[in-house]
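The letters A, B, C, D, E and F name the chains in turn, as written, and every chain counts its residues from 1.
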């Protein structure tokens, strides 16, 4: 089993100590990006995870790939190119003050990625699972084209493809609507993670509840073996709940499986929670665990992510399973 | 509309990471002071805010004024003088351990301020609102005299005057009681913020509840158009509630208006909460917003202050109004 | 009254900002150890507290002793020796993610301590109370022998001896079980702190509830004048409750006294909570306060420890007593 | 006397402790830019200095302007606009390892500045001196057009115009050579700072030595009242020398005046040295000091800049004059 | 041998990374003061060193004493009192930019010290050497009186007394000139450290060279057994030379002994260099080492101080002696 | 070409800002070790570099391997085991104060490494060059045995073997002298780096100068194709010179080649200088560059290492070659 994630890794710049942008004189430097986060999670779970992106051959681009290697991801499929490394500024909220993100990713290596720049046959050699997200086709037409190129090659090579719909309102600036681009891409995928609003926006599918939305989506996209969703309630910036859902027409009894719901007080860093869920789901499905285990594992992994700084979910399988067993007390292990 | 705030700005020295004074090897450096905090809030709301104080013409004094300029306050009305810059040491509490403040402000520029040192006619030129607090007359007789000088000039120039009663038990060391000084000063003011204990101490006015206290105070000081109060419940150092009250004999129906009460979990920095309320109230009243809006705005601004490091409430009108609309979930804005 | 604490002080290395071990590029350096923590607490309460250990005569060993001196502990009874200073790495948990400790204390000065290395008659001269814990006899046979040597001398000199049972599962690697070592040591002690599981493991004593366990232990060890226990409920890593129990056959009415139970939200650092309780109990018992005061004081001290960074409980008697009076609101003291 | 500087202010991100880009986990955040640096120097010298640029109306753009205000610069002539704030990454060298700069300024507010976006008549109202540099016309044709617009208005309003030629090899990417753009701009200026290589590149003027180059340039551009140059010898990254030259056909005797040469060991931060010279020169010329004083002041100011962190030369006139008097011993002032 | 040092310890606040006061957002916190520095040096040399001062009984005052204890000084002779802890702000220079000190020590515990507040008979019990400096009598008449009280008791108890003349131009504000106060104090001393300018100012003694100045001073103050001086050449803030001189009428041959002169490149922190010399001299004289050894030891200790951060000279005798043997190469010891 | 380095990687703990061990409250965390440093250098030069060691399967052990991966080294040949990760404390000197290292590496994974724990046939598969140092056989007999096992397999597989003699006086504690162990190991090597003192100690070979020592060593060990040496002069801790020598009986004319000598002022971090030379030499020899290039490259790489923090020489071939061309001026590259 070897999972390849495809997307954009960015430099993340965060004022320390929950200061506001206007106050800070320093930035903490980390790296992140939806698909890179999935790759790191899987590598930390002990799986063979690789990552393909396009970054400039500068100290900043190489630092991004080096950070992935540090956490066990094979980033050698990546190519060098583009004028700059994408970056994002993150102001961490607190209590009743929400977090703010300022994206500065235009003209990055991925934004200017074109078909043919990545040799997909080579990149997918030996790969059993390919993961992408709705962010990549949102940055430019050429990136959307390159995404389709990748998915078609994967389908041709019988590689399972998963997609996190991941809608970002401030992208999709290049003249196309998601509804013009995403359906064809999703038709080349086998597993989907997404919420109701995004499904409505991308595919025009609506329903009274999760079950109906899933049912209609599965009918529209018969290629999808699994559909997943997460639900978050936010009491305030540092106190949320989290729950996961998994749907498949292949399930014998209930088509819809729900995880336990976790209460998450005193959250440390909620960025990357959905990516942690996605990685947990891939872990469970790719290893053919029972569906209930898969969704519980994904939800527990996502829950614990909220207590780890940075985009990356630096967490072992044993730690996730400990939470699944109900060890929520946070005792000192010594 | 131009608001001038008058008072003392101090250097604030805080051990990082909620360490105790005995533990720390560093101090975080910020600047603050009740009236300066009001000025910064108003400047951040986009209003024309100025500040007048007296600091030594040293690197430390100039740094204090530079910090105000950074946050948009016009500090040019200030004058240079005095032996030292006032400072205060702040040990941030946590949970069941409260915060501690050690003041070190004796002999500062404001403590040795005298009548005539500030040219009030010039300082108040073009000003429509003057704000002061009970801290300034508490530091020395000459500072109290200078305060009266300012208020009398303001009244003569038809400038609205607001006062935060702001009782500090460890001041008033120069041989006078607040009850000998504050009544005359308040008679030269139009808006008052203060709690019941302070009103009793300063003016000898007591009542069964807020309404009665306000009614009696308004009767005693017919020059007061608006009287305001805030109520805080403290579960522990990092979990409080906050609510605001506004009273005016000019209100048509109920003389007393109450704001929504906010629950404030995981507080980051509660210093300056009252100043944030005062600034919000000035904003609402000076712009002639409906009274209910004014008190809601002031309370929401004060609530959000608890989630911003430092004395200064670095916050926009849009952010305050978002909380007023019920957006307490602290979602990531991206 | 002079209390001597005997045990191992270690260098504590903690990644800042609740980072994981894999993420950090810095360590915060503090010092700690169960018995050293007790000594610091007592010195901060204003008592005459001394400490005896064995550390190498290196900059690291001297830094450990210097830190004790800074907090008022007389560390001059300590001796120099051993190949290295023990150290422990602490990964601070958050919310649902628990803390992790990696001990690296093998071959330290205390691990290689032998009978005769410390001149106990000299070290105990003028001492009225000796405190030790179950950690020291757990590291090596020779350290256990040295412990017995100390206790026997103390009993001979009519010095009160207290013991915190303090079971650490990853110690006891030298071929002996606690049940072969601890009973004889406890027979030379007068005050014991321990929980039910540890009592069962060390002495084979079990009971339906705390009262029964205490009763049986007191019967087995008639030398024990006081037996104490604490109970913690952990909702998650940063939210626990805490309560203390004190038992004595000398009490006139109820043999078992319970403290108030404290709710501890937003915990800053829970390491050393039990040591803070132990110190509070020694303080109360050694000063002959009423038993109810003693257990309330110990519990309040332990509760406040959760809001102080590091192993050391940097806290005054007045601060503990303020919490005992119900001041849980964490107000700003200024 | 009021000096307006026009150009681009950028966020400067520097790994702390002279770490390499590949090593760092933090960035120190400062702001800088050639013309902004000149404005800050002049404000710190006590002069009336203003700054006009174009930055996005984001927290990052406002932070840049706030920083200028903190150091006394009136940034209110600036306009909001553009997709992003320009930024540059700075790896500080040491000894034999040189510093590295990675610019990331494409598509910034200034890069997309167009004629008409700034109301120059209003911006130049009351201004007596306008300063620009060769960086602005290098970023885009529209920025070059806007620069010409500014200069023509200034000449029309009889405002003295100074230019730092400031060649940056990695700019000029928009299809024009400097030689197509700079001559016309320089014809609308009165004071020029530049080195021989740049003069050759921009204007095709070459000479055997500084004197000849200056003579020919002055002949070609009779509008130039003053021409200045600096010479730096670099023994290694932290040890340079510095010297200034000033030329004018108006000088009675020698047309060329030279400053003292300073030895600069253990340099702290050499970025902005030339801007410090430019500011010192403007200070001297605008105040009509003797030419020798002007060039000595400029050189001493530039020398001291090497011992101040960040782009901004935070320095008083008294400090510059102290160095001019030969106080190079760096004694403790107390 | 037990040395008691008497004077004022202050909080030292330094912007990190050689930032200017106007730039910093943090202060590094250390403690220092001329006589406290001497005490720490002696304790680090392994001698029995004690310190007596007067600080407020606040967390800040106790932190100052705790820091002394950490470095081995017995601060228990000190008394609590006074309104505030003295503090000083230190801007570290670099290269050609000198350091700046802003004192903020008025109204401190020592400034308001009066005769009778310290029980000198008790404080001097067992003491063999008392050290004071010219700073203490410079702060107030009452502090000067208390100094005389101490010296007279010391002389009565046959304790050797040393004085560092230590002139600070910005003190002596209470209406007396040093020449009215210092002569009587020096008459009660046995060892003096001071430079020619200070000797001229305090005692009106001048001479063509060091030898003549010493000769005249020794004649004027026959009570002085030893007179010492240091000479520093400053190439720039981070590159000085250092040399020591010792004079005594008791020396058999030359009355004047000179040390080796050290070249000090890349200085880290020069504050406390003279105090390090004083401590080295006391060490040598009190232990009756040969005079040449004493002055060489003092000079080497002072030289190494320039490479240690903070006021305190954290250095062993072995390290000083290694430099005396010519080990200037700074090799890695491993 | 694939180089495998074999040895011990340790956690390096350094007090920030050149503080002394007794002063610090933090440690900067890096990783290093002689052979790991060589591997990182080679990976940064773009070569295929791998590393084999034995570390515990803990977060600390995995962090060490992750750090190697970040810098491009393939650490997958390493095995997990042993009780602890070796570590060393580094106090950075300054000027005339030298650096201090405290090793704490006993009982580490490498110290308890035994023959058979590493499958050398597998580890050396595809490898063309194996590098080891004299540190590994110095820690224990079993580690020495494992080293011989590795070398014999390498020789059998026709892999070039290089050795850095690297004498550490405080190792060799297991009862054997280097002269009993090193000769046999060196007989299984082809390239040697070492200084005269170490050659005398290990092999009893002495000579009047480098040439004679090399000649005799080459005669004694005919298996050695290349012998190298470095010479450092230390003016003080931050100012050294550096020069390299390379000897081979295969050279046609002079058997001894010398590099240029570099002056190294203001050194940032000299740890790892020799390893940087070793890596440069391997780079040159393995790529069959002319011998003069090889020794110049090695010396220039080692020189630049002194300006990079940490053990690892994060440097490109282009940067080394730029210094070789004489670019010592440390200009800003932009």
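Methods note: contacts are C-beta pairs under 8 Å (C-beta built on N, C-alpha and C of every residue); 3 or more make two chains touch, one makes a residue touch a chain.
Fair warning: this is a prediction, and the values are worked out from it, not measured in the lab.
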Chain F and chain C - chains in contact with each: A, E
Chain of greatest Cα-centre distance to chain A: E
Taking each chain's C-alpha mean as its centre, the one farthest from chain B: F
Computed distance of Cα centres, chain D from chain B, in Å: 41
Gap in Å, rounded to a whole number, between the CA centres of chain C and chain A: 46
Where chain C touches two or more other chains at once, by residue number: 16, 20, 22, 25, 66, 71, 100, 266
Touching chain combinations (by label order): A-B, A-C, A-D, A-F, B-C, B-D, B-E, C-E, C-F, D-E, D-F, E-F
Complex contact set, residues of chain F against chain D: 16, 71, 262, 264-268, 303-304, 306-310, 314, 319, 323, 327-334
Chain F-touching residues of chain D, taken from the complex the two chains share: 17-20, 22-23, 93-101, 103, 168, 170, 234-239, 266, 270-271
Contacting residues of chain F [partner chain C, same complex]: 13, 16, 20-22, 24-30, 58-60, 62-63, 66, 83-84, 89, 91, 100, 102, 104, 106-107
Residues on chain A engaged by chain F in the complex (per definition of touch): 66-67, 69-72
